[in-house]
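Read from first to last, the chains carry the letters A, B, C and D; within each, the first residue is number 1.
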């Protein structure tokens, strides 16, 4: 019997089920989700600007931000009541599974450019919740995870410093001195680069430096290894990062707390933290 | 009790994975042996989780969540979670109950949310111990086993299994010494007596709660032989001798079915193809996707006529590809998907034959479990079905015949060690009396002397 | 350089695992694509082994010994050991040489002692890095890559592979933003330019030493998309978009073959079925036995027309069933044995079809790699074979067509996200100019601005 | 095509090769192996007795030992020059892959019974190289590995004390007090009983007791876990046990040395100790 004939005989449901398609509800406009409604401002021009971020429309966002600035609206207000609301709604939809990474990246691009515009009027960098430093382990070229983290942090209102990939411990130490971050993230995708984390911790300790927590994650990184040294927390999903930072910022959590309360902090079951 | 004196299948060719003469259906609608193969995932609790009931319950829950998440993420239509309980869970039946409840909750949650079909197979531990003199039929340990089973039933398990250990002290002696009579006595006689006792009770409990009494396995005996036999280059137990143990093991595991076990029989029962041939109950097996737990020489062959496909066991920890409940469910799930595709397209018998032929001559232990040979051993067993002793001899001799024929046909190669132990076993089996009472009397004396732990009282033999 | 402008296979049905139009044979007599499938084992060096040359050499040797021991213990007729070098091994070519030598010694020892056929595939790392400005064609890093390859050749490797990274900065941007033009530029244009440069050099070195130039992979681009796409419920990259990346990835990986790579192509190249369809070279693939390393949605399908079957990667550590080189070689070895049994019995096309149909509609990424669809994409590519840019568009559009047809036939279900990104990608591809120079000029400008790391100099585009 | 037909078409060598059969040399009598010749005594009655052990002939061994004892030959000499030589040859053939576990067990049974006979004349236990205590972890019923170890130790000239299975830490401590062993072995086949090793070590430390090394092995036991506590050595094959004991006895090795030199001590490549 030919391949085609075999195929015709099959009932796909007996073999593989696309539960995501099955579970997907009816289509809905992004702004109509109740969670989003709660976030978006009513007042103009903030509403329009936040919607432009929500719909990843960099060109119009920039245009309307400029217009608002021209009209003398405070850049701080534009950032806080417009741009950040928009990105907040984006993050919410991402967590809900309605939005996807590209949405987040494009909305993030739109937001970042618009913020820059505001800052140029403001004459300085706008305030963020705090600074987080991100790096990829020495010897490791895999940086996509780290790039996602940058975006999630920025969308979450943090200043995220990108040290790039294949970063020697000494450079991480410098960055800690320079930025005094409230949180740091390290990413390693290889068994043989995961060891860079302990080099970073050693180097920091030698200089008497401390960070509330260093989130260490990436494909090949194991929790048991990460937890074999101080200052570190094993990180699982890039979108957990702002939540971890929030816990440090708002609830004064440190690496020891985060190790214990990871699942609670990120608000979901995390297989790696199981039991 | 109904002994099997004829085969449920008309011919070996009638048997195939995914299909059992007597399928079973769980409360949640998951079916076994009804035209598709279910993957099984089984994960050993982490070190330290044994320290308290709370940590064990949470460990069990977490294993279930991870498995469910991966299952929906890769689109499996169904799967079975098996939890083999450790001694602490059985010695404290409330642990067994709460662990079961936690896992059932998770499975049902995912079934509700996504429609994926799930079932929990709970396997309390046989914590009776001849060495310690904790008797097989009255001790507190025995009571706890039964109470744990009850707890699992009450808390929503779909299927109950167990690995009983009757006759183990004698068979251990026999396996390490290459003594065929000890094998026969330990597995075929003592094991069968104990299994009858245990399963009569277990089936009662399951029936009361409307839970499926799954099955038992000759793990404690034939698997011990298989593990000692090891790989082709290992030198602890002859592979022909291990094959003989397996044949007798089938006569033993069959007893659970005779007492009312409905399947799926336990995954580690490599003798299951023989038991299925005889009885038509669905079986679980494990092979090439159980490399995490052990190396066998029939990793494909043993899938030939399975109804559930298992990973046997794995540490609960992280791999690069995810946590082990995720990774290993994907492994068994993808293999089951292949089998199910072959069923859907009507090519299942071809795939069965490929699985079988891949390993048929890899090792004598594989050879005798090829479904055609398994069927032959089944026939030998049912011929003397009424007498556990004589059917065990018949199984052993048929194993010897099958191997000898393959050697003569130049299809199977044996080492001298294997050839010698095969011949010497055959000789001793042929010299045995027909009368089981006579054999039991002699064996009781002989092994009562040689095997310190063995206590005939446990089998009501004195 | 000879571009492919017609298919080496007459029809999809001609393709099957174990058979390649152009098999290769190693010095030691191991053949690839010549009528049997070889298992591959690949183990990532332990943490800490990177600290010195000595520890890395010993680590590599030990991986080889474990694998060989298990191979003979379970009776594998042949296997390939692949070692993917880490940055330290490539940055220090003497490490690459000594590690290779140590592994070859072990393999040859076992081949001599038992007659098992073995081969070493060495895969130096592409340590060039656009971010650091280490140029792609002149930097010390580039020199070290070439010197390492030379060392591997001199020290007895049978096959050389590599995962080059040309165009990655742009494709990374495209994948994370769902930008189809960036995908096309990064993979189809920049990737192809760099691969041509690299493989012209690599083939020279291999030829000099009479070592087989294996192949490359679009790992750095299509696999990045696939990993971001993740499982069915993940939400980082649309699965249709990832399928498009894969199609373009085939047009890219083909370049290595056009430069003289002979196969087996790298295991992580999920685009390999397409490249095989076009060029007839043997390929390695990985799927259901690579769950240790990652979860894919085509674990069976991708075995359909492979010539080597790999586990992708695993931590070097202990499992209950042995150390990971042992356990995972057994996993790939047993699957290869099943495939070989089907070849021996003439049932291989049935098994191929079962593998394929198991996953064909599990996911759009699987769909387009089913061998019939892979063939179609191949045809689209060779139609514009002379122009890497246009053949990439052709591949992308054919991917879109295949998915659309399946959706229309109600065989493939898509989520809205997948449907939307499919349609929008199709629209942008259709709007592209026919003239590559025009596209390149625009893309250079656009992504030169948007992608910080991207440096046109690396591709001689300025 | 039928299953039988398919089978007929196959060339088995393409699928699975029994390398052990291929590698097996011509048959040879046990006593003719050069390694065995070197071990076996020339002098009678020792030669006969050692051959009886070599050929696992308990009945005749016992008979000839009794006869020798009756003839006034020193029981110590019978043990050392006859019985132990025989078992030594058996071990050698086992290691060489000519003999198998049952040979070892049966020869061991013959030897142990004969030794008992000698001891009854001697009026006391014969001297052994030293005492080793063996147990299976608490909560664990798997004891075959432990039983093999007992046999290998006894064949190797050690007094092996069997504490049985499912042994609480307290009982192990008692045994250490009672026997002051030069070496101890623990076996665990379950993830959740492997933890018993650390309980044993803790209990010993609390009592201020020390053992040169505790070999910890068994199916589910991992080296990394074993090495997370002091006093322990990860054990791989039962037949390694007497070699480990020899290294302690003859070369004063302790657990730290054994961890480093395991492969050398047991004289072969050990995958788990790789790198």
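Following the convention adopted for this analysis, a contact is a pair of C-beta atoms (placed from the backbone, for glycine too) under 8 Å apart; a residue touches a chain by one contact, two chains touch by 3 or more.
Computed from a predicted structure; not experimentally measured.
Participant: In angstrom, rounded to a whole number, how far apart do the mean CA points of subunit C and subunit D lie?
Facilitator: 48
Participant: Where the centres are mean C-alpha positions, what is the separation of subunit B from subunit C, in Å?
Facilitator: So the centroids are 40 Å from each other.
Participant: Averaging only over C-alpha atoms, locate the centres of subunit B and subunit D and give their separation in whole Å.
Facilitator: 30
Participant: Give the residues of subunit B touching no fewer than two other chains, as numbers and ranges.
Facilitator: Answer for subunit B, listing residues that touch two or more other chains: 46, 49, 72, 74-75, 232-233, 315-316, 320, 322, 326, 337, 340-341, 345, 347, 353, 357-359, 362.
Participant: By the touch rule stated above, which residues of subunit A touch at least two different other chains?
Facilitator: If we look for residues of subunit A contacting two or more partner chains, we find 6-7, 10, 15-16, 18-19, 220, 222.
Participant: Take each protein chain as a node, join two nodes whenever their chains touch, and name the resulting shape: line, ring, star, complete or other.
Facilitator: other
Participant: Sort out which chains touch which and give me every pair.
Facilitator: Every touching chain pair, ordered by label, is A-B, A-C, B-C, B-D, C-D.
Participant: Show which residues of subunit A lie in contact with subunit B when the two form their complex.
Facilitator: 1, 6-7, 9-11, 13-19, 22-23, 219-220, 222-224, 269, 271-272, 274-275
Participant: Which stretch or stretches of subunit C touch subunit D in the complex?
Facilitator: 36, 46, 49, 55, 58-59, 62-63, 65-66, 69, 72, 74-77, 113-116, 316-318, 320, 322-323, 325-326, 337, 340-341, 343-347
Participant: Help me check something: in the complex, which residues belonging to subunit B touch subunit C?
Facilitator: 70, 72-75, 230-234, 287-295, 297, 299-300, 313-315, 319-322, 326-328, 330-331, 334-335, 337-338, 340-342, 345, 347, 350-351, 353-355, 357-359, 362
Participant: Write out the stretch or stretches of subunit B touching subunit D in their complex.
Facilitator: Answer in residue numbers: 13, 44-50, 86-88, 127, 129, 131-132, 165, 172, 175-179, 224, 228, 232-233, 235-238, 315-316, 353, 356-363, 372, 411, 413-417, 421.
Participant: Given the complex with subunit C, which residues does subunit A contribute to the contact?
Facilitator: By the definition above, subunit A touches subunit C via 3, 6-7, 10, 12, 15-16, 18-21, 24, 27, 94, 97, 99-102, 105-106, 109, 139-141, 143-144, 147-148, 151, 164-166, 190-195, 220, 222, 225.
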